[in-house]
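Chain nomenclature is as follows: A, B, C, D and E, assigned in order of appearance, with residue numbering initiated at 1 for each chain independently.
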Amino acid sequence: MARFMLQRVITSIVTLFLASIVVFVGVRLLPGDPALVLAGETADPAVVAAIREQFGLNQPIWIQYFNYVGQALQGNFGVSTRDRIPVAEILLQRLPITLELAGLAILVGVLIGLTAGIVSAVKRGSFADYAANVFGLIGLSVPHFWLGMLAILFFAINLQALPASGYVAFTEDPGENLRRMILPALVLGTGLSAVLMRQTRAALLGQLSADYVRTARSKGVSRNREVKHALRNSLTTVVTVLGLQLGALIGGAIITEQIFVIPGFGKLIIDAVSARNYPVLQGAVLVAVTGYVLVNLAVDIAYAYLNPRMRLAGGAR
Amino acid sequence: MSVLEVEHLRVEFGTENGPVIAVKDVSFRLEKGEILSLVGESGCGKSTVAMSIPRLLGDSHVTLGGSVRLNGVDLSAFSEKRMQAVRGKEISVVFQEPMTSLNPAYTVGSQISEVLLRHEGLSRRAALARAVELLELVGIPDAQRRTAAFPHELSGGMRQRVMIAIAVACNPVVLIADEPTTALDVTIQAGVLDIFRRLRDNLGTSIVLITHDLGVVADIADRVAIMYAGRIVEMASTAAIFAAPTHPYTRGLLGALPSRAVMQTDGRRRLTDIPGLVPSPSTDPDECQFAPRCASASGACTAARPAADLVAVGHSVSCYHPAVGAML
Amino acid sequence: SPSADEVVAGGIAVVALSDEPDTLDPTVANTFVARVVFTAFCEKLYDSNDSLELVPQLAASLPVTSADGLTVDIALREGILFNDGTPFNADAVKITLDRNLTLDTSSRKKELAALQSVEVVDDNNIRLTLSRPFSPLGAQLADRAGAIMSPTALETLGLDFGTDPVCVGPFDFTDRVPGSEINFTKSDYYYDKDLVKLDGVTYKFITDPNIRAANLRSSDINVAERLNASDVDQLGADGVDVLDVSAIGYQGLTINIDPTMSSSPLASSVELRKAFELSIDRDALNTVVFAGQTTPDCVPLPKQMAFRPDDIQCVDFDPDAARALVEASGETLPIPVELLIPARPTDQKTAEVIQQMANDVGFDVTIKPVEFVSALDLGRAGEFDMFLIGWSGRMDPDGDLNDLLTTGGTNNYSRMADSEVDSLISEAASVTETDARRDLYAQALDRIDEIKPLIYLYHDTWFLGLAGITGVEYSADAIPRFKTAELTK
Amino acid sequence: MITAKPKAASSTPRPRWQRVARRFARRPMAVTGLILVVGFVLFAILGPILLTDPNQQDFTAILQTPSFAHLLGTDDLGRDVFARIANGARVSLMAGVMSTALALIIGITIGLITGFYRGWVDVVVMRIVDVMLAFPFLIFAVGLAAILGASLTNVIIALAVSQVPEVIRIARGEAMAIREQEFVSGAVADGARDGTIMFRYIAPNAMSAFIVQATVAIPAAIIGESTLSFLGLGVQPPMSSWGIMLTSAQQYLAQAPYLALFPGIAIALTALGFNLLGDGLRDVLDPKETR
Amino acid sequence: MSEQPVLEVSNLVKHFQSGSRLGGGRTVVRAVDGVDLTIGRGEILGLVGESGSGKSTVGSCIARLTQPSSGTIRLLGRDISTLSRREMRPLRSEVHVVFQDPYSSLNPRMTVGQIVTEPLRQHRRGTRAERNRIVSDMLERTGLSLELVGRFPHELSGGQRQRVALARALVLGPSLVIADEPVSALDVSVQASILNVILDLQIDLGFSCLFITHDLSVVEFISDRIAVMYLGKIVETATRAELFRDPQHPYTQALLSAAPTADPSSARGRERIILSGDLPSPTEEISGCPFHARCPVAIDRCTNEVPLLLGVTGPDHQSACHLVTAENGAPLINQGDKNLVHNAS
């Protein structure tokens, strides 16, 4: 187990390291450079050159990279080209917002997805199963942004029940914060819940026909306990799926934040792309990637916990 | 009164490709402290019989016919709830696959305790203590420590013994063992069979032992029922089956054993095999289903199904042309 | 009418901007939205009025230019303080102007190119020495180049002035939440603080005009900048006041007229460029895409500008004439034109309408939408046949022509190189007299029209939505000011 | 371990595809999916031929609600929404199918090679796959589309590249599982070359997995295309794509909600069709059930 | 044994590395730990042993499906243990394998005809017509009717599949066939017919065979000579008759006594040796005799010293046990001091 963890941690670090190179190079592959954006409409070549120098963009890329990594390892991600505010500060400001959104979405997704998945697997062939399946399929087939548009159309424009958009910090007004987060979280959570529902259902159905469930039945236990036996073994799949879905969740957050004007990470990334704000873009993408890698590390550890076979020997996946 | 009476058991599975009549008509009795062996080739319906006695085939695609009586009480009328009280307590089952029949996510101890908690009303602690005793009973060394082990930490033989511990936890009246040793090595198989023998001797457990290994049968069974295509074609004491097999199929099975090789005139060793293929389980024609593969088949065989006849005391056979006497 | 509503004392006005401003450092800032925000806390030596004429703000009077046009004297207001309590005086002005002239990354350097040195005459007077006569200088000082920064703040923050800027202004910078908002509170040091009724202003960044409108409707914000024309009627019906102003900027089709860079026949044929213009129905474009809310035009100078020639005659939409020209060109039809556009919904819609109109007379317009910054890159590099791009406009006509159409100009995307135009524009900049300048610009515009490196389309009309607020100033430069604003119930 | 048991051979065995087809036909959901998919494909092929010009603007008929003249109404430039949806179907299906096909070709080749050879090839490829997976799809696609520029080809490339890691994982998993099967050892024992083993023995047996993956990936790619278009990184105007139609519809959400409704429904139905089809195929091709 | 043997294996070792390269420490599975074997021309050598004792690994090393860790494998006198895949390719026609699982040993996407033709194709034997003739001949010999040629494996019964596998293995006329539990998954009656076919073909075609099984009655039926394997080592080899008459190694003795015989009279009367515990994990390094932990008669020497495979009582009967002596022969394990022997009632 310890070896397995160590191995996972090492591969995670390798992944992050490679990811940082990809981010760094990728950002610089975008046509147009930050200096040009900053220099504005008039874009005086002298000013452009000065800005490039100021942000070290005139150096060879590998030197830029090593400088960046050296600084980043000390927690210094540079300053935003747009407003010279330290990137770390910006990231810290934005992260809680996206975490709240993602957290709520995961809550929604897990609550709906897991419940629906379990019910539909246990009551296979029933109306509830049918309904859950239809929900799952539709959830998979509807783009986030359209769902967001429909939600705004229905709840904000037609019913005028919820605000169309905007963000209020939780610390400022918790009630208002939640009121404004409900729609985005629902929109973001729906896709997740659809995936989770389907995976839970499939995993649980698979496990329910496993030999050990038959053994449990032969002991004379109730149906609920049978399901419990199977569920314990299905959770590994569900947890893994949750980890892998995180990428989709971050992607969905970008769109959702865009539509509901939530100043989170997704919006930060999109804005940074259009402003060619390299330091912010690098920082934000790296944090997103780190989040993904960490969550999947956590998932693997949870997996190991849920799956006793893993506790001794190594090598999941 | 027999402990277990199975009468005209019929099991039909509805599948996408039409019905599968896995068990067509099976009747037998089991006495107290008796080991009855159900023998037959793959797919002849042995497991289905085993599973349908405690009604473990809980699927909507299954149609059950006939009756199962436990100590004279007809179980077929029982609700699912009442059956739950019977399973694990009065009838318990040991399955073939020791690798997959235990839940990988729970410790061995808790899986044994579960049945005790369910039927014996023991406290968690008492159940665990009893689990240790049971593990000792089935010959697992260092039982105390093993209760905390997960199935994957045990070898196949040990897992199979854990399965047996679970099955015998509540001193069942009837133990159904579905190919309990098939996946095990011979040296380990011998140990497991030994446990069955001791259970029968010490606790008076009645055992239905399903197998396709005639060696196992010879070793342990009191009586043998030979199954072919969803029916019992011959039933007799173990000694009688081996000494005087009467049904051509039984004779074919015995002849196919490598230990019964015959030397041909050209000096080649040879086994007698049964030509042809097993019939499809989707139909149940009124004829002897072994007839197409049978050397002694006649027109009568395909005209109507032969009924079970007694050829000797306690020796019944369903055949128009029963053979007499020992095999060569 | 808002005046009928009951006014509330104090309160914070929430203003939705269409974009996030760049740094709030007047020396380096470049975005339009930053200019909007500067009005809250950073006054300039001069401001502009409804006809885009100069009026004093931190200066005491209009600048006095010497006869040779090489020295400019500016008298400053006395006894006023920066928002940190630092006294405002000639030294402070010199420090700001010097910084604008010398900082490497100063975007003002070019605007003040004619300015040679700044001299403190006394506490309240400065003298500017120019290298050549340069009449647009006043206009520059009415923009970011004339925004005076607190020397104390410059001292402590240096390059990072924009992170906590201090100027003279009705409001004082409190904090900035990147990506979300900038907060200001009423300044205690402001000379006109009695006129200031609000406790503060918050500028939020909401890029989507629909969402700005929705928030206005739900009263989550008080002011929304640059609403969609299509939303205006509905907003009015919902009780939102909408002010509009014809923006000083223009939108146009820049044509690459360097045949070595563009393979389209447009590059080498003035006739075809004329045909293209003739094919465009500016009024229809206005109606369809902008609900009739823009001001179609064929010159860069806005209608409200005093220097605009009076007798501008735009060519009328005439598809038959266009077709005739196209056919007369002898090129194989249809004539290919790749139209580069920034990938933004409105630009895309405009492009689609133009495409249909031009294709109708024998062009084959393909639209190439590119993300905005990349599009500018391509524009600058001359990798396009035609580029749908605008200019935000300047108070002084020089800013709308020089560098955009002069030989070798950085923003001369069309690769225009005409000595006649060059000299007309530079001459106009050195003349001080309004009529004379207007005349020179008229000649320049005529010449430009002959060459047609650019097909001007319209001046935007910008809509400012107001909900629960009154007293907002919104004039010719399209920058809302909140100095005298008050919230209403 | 003894798992497989001989089964009685049926008297007249049918070809596998016939049995699969029969099983498929018994699933109403799967058949619905097939009908939806075929319907949209036909719509995409025939629609633009039969309907009016999707790009024809009519300034006298702007933002009209659905009517006989315009079944689904007109958009902000007076173009027929139905015709534009038909045109968008081409784009969406093209983007979905082509990107998935591309991803499958690349992913399967790499996946089979890594799964077959394992060793350092595998270690290196899997680290790269990890990195690719760690980039949320949208960030990846947005970046790629921004670098490459907006056009259908580039959208297809961006979508394909972002799908590749998943395909590699699946192909690798299949290759590793199948190469353990004895018939592969048998081929090795014959002296079969590696290429023969990979493409004659392993690939055909992984086909079910690939087909199922394709039907899962296509709807995701269709949604991906619309999302990229929605972010302004999609196809070139005036070509209509459902995502672009939705982007411009956003402006008229209050005035003309049907503009947002119909393209959205088209996306959802197409994706639903592929998802239903995929589910059906997954069940039907499940090796457990076909054996 | 004047003639050159078809196969000579000496000191074959195969250790599997498990665990990842990145993760630091690895474990070693000693699947095969020094095996010597010889198979003469036309001889069938039965290899028996418990599950996990390394039988299959020996087989696949010989067929070079697995790269041996060390040791030499001589096929027809040529050392093939270090040949590259390319060098090995032409020699592949000399050695072929039949696997246990009739369901996974045939490519499900190929027809019977294609499957049996495949080795000919790989070795570019004959024209298409010749191949077809060879294939139909082979199918006939294995008892398959020609109408099966167009069928897919899943359309066949287990016995038919195993015949196809046999046809495929023999179609190139190899000198050596490795049969890895070819009948273990089959019912007795089917098993019988397959065993008959193997014997017939072996006599007709004259190939040598390494027959791997865990079923003593099968090995007794088919083999000329038998090797007993325990934990990666051969513990005893002898001719069939000799082994059953005089099992010398304690493990062999336990195995024979535990094996069920389908004869109630002998099955019940007989004394049964039940070994304690299971096969130890092959990852542990065991000093001394691999069997000592379960051996009822082990002495101190057994835990310290590895016994060599020696023909103590005669050159043709080799066993690896310290307790076998030329004078007394094999130890009597039911008289061991450990209380492990049950007398069946």
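The rule we apply is simple: contacts are C-beta pairs under 8 Å (C-beta built on N, C-alpha and C of every residue); 3 or more make two chains touch, one makes a residue touch a chain.
Remember, predicted model here, so these are calculated numbers, not experimental data.
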Least hop count linking chain A to chain D through chains in contact = 1
Intersection of contact partners for chain A and chain C | D
C-D or D-E: which has the larger count of contacting C-beta pairs?
-> D-E
Counting in whole Å, what is the centre-to-centre distance of chain D and chain E, each centre being its mean C-alpha position?
-> 48
How many angstrom lie between the CA centroids of chain B and chain E, rounded to a whole number?
-> 30
Taking each chain's centre as the mean of its CA atoms, chain A sits from chain B at a distance in Å of 53
Which chain D residues sit where two or more other chains touch them?
-> 2, 5-10, 146, 149, 250, 253-254
Overlap residues in chain C, where contacts from two or more other chains coincide = 208, 371, 374
Of all residues in chain A, the ones touching two or more other chains | 11, 30-31, 152, 157, 273
Over in the complex, which chain C residues touch chain A? Could you list them?
-> 20-25, 28-31, 104-107, 109-111, 159-160, 162-163, 176-180, 204, 206-208, 211, 214-215, 218, 220, 371-374, 376-378, 380, 391-392, 403, 410-411
Which chain D residues qualify as touching chain C in the complex?
-> 55-57, 59, 62, 76-78, 146, 149-150, 232-233, 236-238, 244, 247-248, 250-255
Which of the residues in chain D end up touching chain A in this complex?
-> 29, 127-128, 130-131, 133-139, 142-143, 146-147, 149, 219, 223, 226-227, 230-231, 243, 246, 249-250, 253-254, 257, 260, 264, 267-272, 275-276, 279
Could you pull out which chain D residues touch chain E in their complex?
-> 2-10, 13, 16, 123, 181-183, 185-192, 196, 201, 204-205, 290-291
Would you pull the chain A residues touching chain B in the complex into a rising list?
-> 125, 210-222, 225, 229, 232-233, 306-309, 311-312
